[in-house]
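Letters are used for the chains, namely A, B, C and D, taken in the order the chains are written, and counting of residues starts over at 1 for each.
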Amino acid sequence: MTTIHSDPLEAVAGIADGATVLVGGFGMAGMPVTLIDALIASGASDLTVVSNNAGNGDTGLAALLAAGRVRKVVCSFPRQADSYVFDGLYRSGDLELEVVPQGNLAERMRAAGAGIGAFFCPTGVGTPLAEGKETREIDGRTYVLEYPIKGDVALIGAEAGDAMGNLVYRKTARNFGPVMATAATTTIAEVRRVVAVGDLDPEAVVTPGIFVDRILDLSAAPADVADAESPTSQEVSA
Amino acid sequence: MSALAVPTTTTEHTDRGPLDKHELAAVIARDIPAGAYVNLGIGQPTLVADHLPQGSGVVLHTENGMLNMGPAATGDDIDPDLTNAGKVPVTELPGAAYFHHADSFAMMRGGHLDVCVLGAYQVAASGDLANWHTGAPDAIPAVGGAMDLAIGAKDVLVMMTLFAKDGSSKLVPACTYPLTGVGCVSRVYTDFGVFAVGSSAEGDPGVVSVLETYGASVDELSARMDVELRPL
Amino acid sequence: MTTIHSDPLEAVAGIADGATVLVGGFGMAGMPVTLIDALIASGASDLTVVSNNAGNGDTGLAALLAAGRVRKVVCSFPRQADSYVFDGLYRSGDLELEVVPQGNLAERMRAAGAGIGAFFCPTGVGTPLAEGKETREIDGRTYVLEYPIKGDVALIGAEAGDAMGNLVYRKTARNFGPVMATAATTTIAEVRRVVAVGDLDPEAVVTPGIFVDRILDLSAAPADVADAESPTSQEVSA
Amino acid sequence: MSALAVPTTTTEHTDRGPLDKHELAAVIARDIPAGAYVNLGIGQPTLVADHLPQGSGVVLHTENGMLNMGPAATGDDIDPDLTNAGKVPVTELPGAAYFHHADSFAMMRGGHLDVCVLGAYQVAASGDLANWHTGAPDAIPAVGGAMDLAIGAKDVLVMMTLFAKDGSSKLVPACTYPLTGVGCVSRVYTDFGVFAVGSSAEGDPGVVSVLETYGASVDELSARMDVELRPL
């Protein structure tokens, strides 16, 4: 069952302190900006954030980090030209970091969503990122054993959704969204528009509704989260 | 993880039962939570769809690659490209989605379905399921999606007759047929009653909780079965 | 590079004796009937066939089996009401059989296509199909180690394709096609129609052309393989 | 598996070279087989696209989820939803396809790409690649897709200057920087020459084959490098 929301705070209500939050997007493409702002406003803290990057400038993920809500970041590429918020917290020891090769990040979340217990992966063999990990030679090639990354919550951005929870994306903004949607107990998607059930071509649905718990309809949401009403007591199972 | 309602006391229906397969399908349909994502196995479990109430919001999954499957197709609606897992022509409801086999079974294996309803040769008190092979030495093995389905939902419900043709109970202390899955069944729906098994059963391991009986009392059923039954 | 063919024999040319052939379809939906007939006509033998079923009646896979071209079948469900060709060959000991749970069949091919060396899977644990296989407990659950299934060739059916090799499918005929396309060295698809490059919506492409080597255009193919010309010497790398 | 053409003899170009980055990109583009599926890494490797001949049929992959990527977008064509792996706005060519990150990296890891072109800090004679981390103790580690790309094509080509600013060779007997991948590079394209390494090199392990030189002879390069060079 998918619920449709126009209030961003209601859409993120119930995210518990200590939760692992998967955050979609690659650069700004597919980044669930409104949901991240609502997560900041919700007050949840001690979070583990799994995302490709660790925030840019002063907004979005960087603002979540700056607000002191994040205990650990799991990502492939934290260091960027304008990742000064992350850089400062990391250097001061206030933020834990796990660096994961980008494809392993995706595949480990895919494994979580697909019920795979662990998998032997050739990426990173013989590098510092495989140190201490189990390896095995299979058919003459060496692999590293990698474990699933499961989220309590996924926050993703999509192009359009329907009341069944089905989602479609747009161009390379698709990136991590479909994978994260499968890997979290509760998946929350912000979409540019909600369409009537039956309007999405069943052949072209990228994320079937079974993976989507809540949809935030950006076309109906207030422009600023601060204008939104206070959250209801809706619960997220963690 | 289970979303099934659990009754507080055992009800012995002496006014009705044993149930025929349609009545049994109705009982299962009654217990499926509104809005659940459900896979109905090949054969009798497909009857459950006929008894889901209008507006239940239940979404049917078929493991050959579809969500929001509609009823069986008839006449001009028959489309060879649109079948269920039993290769029976079906229809598509608004809001459907198609996906390939790896994605479909990932959906099951990943625990995203709420309920799966399966037939069985035997179910053990521990929740072990045997439904793919009778173990006959000359039988050609064929598993299909049975093992994937067995572990592929938050609640795996079995729909079967309680007794085999020779009168022996199919709800057993331990399966004698080759297993399909270990400890995977949460509830067994039969013509004579509904039973919670495995981790869904209350109390000691190996003891089956009786939720309802049809046309027989718990004591009468106990007398015909080797497994220990316990009312709620 | 994808090539488009109107001659079925040309489309399957070069499949070597002893090859492992992945054959799409679930029942008749998505079954590459014309390619299978062409494979029979090509004379290739000693094949290992990986498919969900093992043939029905006297046509398609059953005809391939009946012609004595298959050494081993890897499938989830060989025994059906009209699988008498398979049944006879199996009982006489003329055909090797590996039964694989349907989802493992799909996931093992997915692993082959995705470069995964092996994966821990919960399906089949404690059953006869896991006997002799490595198991491991991870986070309190027991898993069986499963290995990839790679094909030399995949024969699949799709709805439409373009000269880039992009494919779309139709309804539940999609089934194994997209997975097998990733898992074989050479993928050959029969399509009901070939469309111009640019006519397929890039958001709705299911199998990107990188996975497709040859497309047989059924709308341009002769009605009967016997009418087709003899194969060219085109090679399939195995 | 490699589809790269291998020259029969080493050519010492004394009339040109060392090459600038555009000339080097043209040399790489010349060697990419027609119709190849190619991933061009962030930075200088993207220059290779400018030198692919019309009608080459080369299809560009970007690991953030697209095949048949077009040139960089300018002006009104800039679309925030359509970028390459360097987050630079790009365009879409007819016949493009989009897919999610797990599918995109499965495509790489599964060996479906023909060629990947990457920058490097160091490459070893064995084909080991170091291009993600200088090992500086105060550096914040960031790998992105580097390790996935390193093992993600039938041929991994490195594009780099042969010598570091301090004059030391970046083609080395063994990498001193943290590795990105082991034995994964097949060919190294530099301003001073083109080298086959690892399993692509002919002869003894640890010896580098020289395919071409630019503005220097093999002997002149050998004098400045610790790795053993061998002409074809």
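To be clear about the criterion, a contact is a pair of C-beta atoms (placed from the backbone, for glycine too) under 8 Å apart; a residue touches a chain by one contact, two chains touch by 3 or more.
Model, not experiment: these values are computed from the prediction.
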Pair joined by the larger number of C-beta contacts - C-D, B-C: B-C
Between subunit A and subunit C, centroid-to-centroid distance (C-alpha), Å: 35
Subunit A-subunit D separation of Cα centroids, rounded to whole Å: 31
Set of subunit C residues in contact with two or more other chains: 107, 110, 114-116, 121-122, 169-171, 202-203, 206
Residue list for subunit B, restricted to those that touch at least two other chains: 92, 98-99, 106, 108-109, 151
All pairs of touching chains, each written as two labels joined by a dash: A-B, A-C, A-D, B-C, C-D
Touching residues on subunit A, where the partner in the complex is subunit C: 107, 111, 114-122, 136, 138-139, 141, 143, 147, 168-171, 201-204, 206
Residues of subunit B that touch subunit C when the two form their complex: 62-66, 79-84, 87, 92, 98-102, 104-106, 108-109, 128, 133, 138-148, 151-152, 178-182
Subunit B residues touching subunit A - in the complex, by the definition given at the top: 34-35, 37, 57, 59, 61, 67-68, 92, 94-99, 106-113, 151
Interface residues, subunit C side, partner subunit D - complex: 1, 110, 112-116, 162-164, 166, 182, 197-198, 200, 202-203, 205, 208-211
Subunit C residues touching subunit B - in the complex, by the definition given at the top: 26-30, 76-80, 86-87, 90-91, 97, 99-107, 109-110, 121-129, 142, 169-179, 206
